[in-house]
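Presented sequentially are two complexes of subunit A, the first with subunit B as partner and the second with subunit C.
Now for the complex of A and B:
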């Protein structure tokens, strides 16, 4: 049978962006998958070079709109490193809590859309969005905005934490922890879910390292690598948490890693909330004071984002970055798609694509 | 301020609303009440004049077409917190041929323009467009970028604009009710009052 070429898209099945796939199929077997990217390119790196330091976080948040706070924090940390500003202790704990809640929200959204893509129709989607709504509400209470928070300032946050931050945070963490068991019962007892994910898209460790993937995809291949553990920032070195790994390296392993990461995030949140000093200031510097004394040496900084290791290389200038370059974890993870899709059935492409958890705005930039 | 007075006419279910429209159309086009003497062409005309708008207004099916950040709120719009299905804005369809309204959610790049145009042309008439969010309305924060179209209305006609970055899902609800007003004019139960007002009260 001759090979046929099928165009998929440009649409992302889980509406995480716009992606076009050109698939060569022989019958139902996939010969080759070629992702076409660039439908969301808008030149962030160039735009940021024309903006003052603290105007840029709102651009950075739109890189990864599933977890906006993580890129925001990465950029603000880069500016803090360049200007040598210390973050206040209470603000550091608060940031940890917010970042981990953001990670939970991101993984929950991934879970819903992943199950949606695989035809596990709306149950998991509805459940995940129900719980994500509570997390989003918590972040909204802290920052005042529902999706793009922009509440980080140099050295802290933009305002005081709301009253009941600790109690509500602990309660929400408990709630999420309870619900994880529901998801596991729903999905792991489902033979269809297991059949569609087990042994689908096996990414061997050597291939994973060669392709440069990171985050849950790399950990599902068996490598214990997490920036929070290997190069701890904030107070991650004071908190005991596990770096979940799996050895099977298939789509099911990637699902399991993400579910365990939610549990670990809950643990980090609880520790951080309990260790957070009761009194103290969290406010950072006001916007107008920013950036005049930046050190002109180029800096590199990396953080563990929900999708993997994100990195910023910045050459600072007086008021705005002279050059800003980003390493997007989703871009590296997408490269694994062509490798994983050789020889699978056509329907498995979307399982594999979903399990890689890419965000196209971050890839196209 | 006095509380609004409601009558039974304000709260009609679909069946009652349909029969009311049919009765009103029959009066307007002078259809004989006795079916034996009514001309078939009169009946069909009366029915279609009243019914078609009613049907269009009450089954607004959006297209599953997320571009960027606002698509997250679009998903939330269909998910458990808002649950758009309860008002008849049904599940998002995957093909443009089954859809009435295209919600452009996200920034529009130059490489995306021909695709959006084509999808719009594939939709069956009557078709409507909602520009959801700052980027689709005016280019938003990217308006200085070299690769961005400053607003989808430069490419296709837009019916309703929703502002916000991103707008809350509730705003999309309001936008769809505005669109219903635009399609069908007033609600059948209380002709003086638009759908958006009716829901708000």
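Now for the complex of A and C:
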């Protein structure tokens, strides 16, 4: 049978944005997959060059609308590094808690949509969204906004933490921890889910390093690499947590790594809430017309985002970035798709794509 | 930060890879108007050491060798570099545009490109 070419997308429910895949198939077997990106390219890197530092966080949040706070925090930290502003101790703990809750929300959204792609129709999706809604409610209580928080300021947060931050945080962390067992029972006892993910999309460790993937995808291939552990920021070095890894390197392994990461996030949250000083200020500098001047030396800063390692290379000017370059983890992870899809069945493309957990807004920038 | 001549790029990266810097994080560039700087962020997973290799180019005839032969991860980053900075990548076939879906604007991340400037010429 001659090879046939099929266009998948640009609008497709499994692509989390606008992604086109050009797939060469021989019967049902995939010969080649070529991802076409750029439909969501907005020129953010150019845009922030024209904005004052603290005008940009809201653009940063739209890079990854599933976990907006993580990119926001990365950018604000880059500015803090350039302007040499210390973050207050209580605010550092508060940021850790918020970031880990953000990671949980992101992984839960991923879990729900991944199961939908998988044919595990709507039960897991509804459960995941129910629990994500509670996490988002918590973040809303802190920031005043449901999706796009923009509540980080240089040196801290924009307002005091709400009363009951610690108690509610601990309760929510326990709740999520309980629910993880429900998910695992629902999915790992489900033969369809296991059959559709086991041995599908195997990414060997040497290929993973060669292709520059990061985050859960890299850890599922067996490498113990996490920015929180290798270059700790805030108080991650004071907290004991595991970096979950798997060796099977298939879609099931990537699912398992993310589930274990939720458990580790819960652990970090509980530690951070207990270690957080009871009293103290968390407020950062208010946004003014002119902020503090930045040091012109270029800076590089890395963070472990829910999707992998995010990095900003910034050449600062006094009040604006002269150049801001962003390493999007999903950009590198999507590069691996062509390699992963060689020789699989057509229906498995969406398992593999889902297991990479991409967000196109961040890839195209 | 390791600043090298552009002729020595492939040799340097290859020796760095032998040393254990097997992971390429990002390739990017900065336009300083009088010069272009291309940066390669490499990482050693065993020792958690990061290194940046920097190459200076002249802005008129910016050209740099492809490093895909050493780091496969550089593939899309180089395509982005070519589109956004108008840097020719030696050793690559001209292919489909990666990020831009329109024609007529080249090198938007160069400082000479100003939004809304109709007089802007292709480099």
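Keep this in mind: the second predicted complex is superposed on the first by the 358 of 365 C-alpha atoms of A that agree within 3 Å, B and C clash if a C-alpha of one lies under 4 Å from a C-alpha of the other, contacts with A are read in each partner's own complex, and residues count from 1 in each chain.
One rule holds in what follows: a contact is a pair of C-beta atoms (placed from the backbone, for glycine too) under 8 Å apart; a residue touches a chain by one contact, two chains touch by 3 or more.
Note that this is a predicted model, so its numbers are computed, not measured.
On the superposed subunit A, the two partners subunit B and subunit C both fit, without a clash.
Once chain A of one complex is fitted onto chain A of the other, the partner contacts of A:62 are limited to subunit B, with no touch recorded for subunit C. Of the two partner chains placed by the overlay, only subunit C lies in contact with A:331; subunit B stays clear of it. Within the superposed three-chain model, A:133 lies in touch with subunit B and out of touch with subunit C [touch as defined at top].
Superposition on the shared chain A places subunit B and subunit C such that, viewed from the Cα centre of subunit A, they span 110 degrees in steps of 10. Judged by the touch definition given at the top, the superposed model places A:11 against subunit B, while subunit C stays out of reach. Touch criterion met: A:125 reaches subunit B, while subunit C stays clear of it. When the two structures are aligned on the shared chain, A:39 is found in touch with subunit B and with subunit C. Using the contact criterion defined above for the overlaid structures, shared-chain residue A:170 touches neither subunit B nor subunit C, since it reaches no partner.
Once chain A of one complex is fitted onto chain A of the other, the partner contacts of A:285 are absent, as it touches neither subunit B nor subunit C.
The gap separating subunit B from subunit C at its narrowest, counted between C-alpha atoms of the superposed chains, is 6 angstrom. Common to the subunit B-facing and subunit C-facing surfaces of subunit A are residues 38-39, 41, 43, 46, 50.
By the touch criterion given at the top, residues 22-26, 28-31, 39, 41, 45, 48, 50, 52, 71-73, 75-76, 84, 96-101, 108-109, 113, 115 of subunit C touch subunit A in their complex. Subunit A meets subunit B in the complex at residues 10-12, 15-18, 38-43, 46-47, 50, 58-59, 62, 65-66, 109, 112-113, 125-127, 129-130, 133, 146-148, 361.
On subunit A, the positions that touch subunit C within their shared complex are 36-39, 41, 43, 45-46, 50, 209-212, 223, 225, 230-231, 298, 300, 309, 311, 313, 315, 322-323, 325, 327, 331-332, 335, 364-365. Interface residues of subunit B, counted against subunit A in their complex, comprise 64-69, 71-76, 79-81, 106-107, 109, 111-112, 115, 141-142, 144-148, 165-166, 168.
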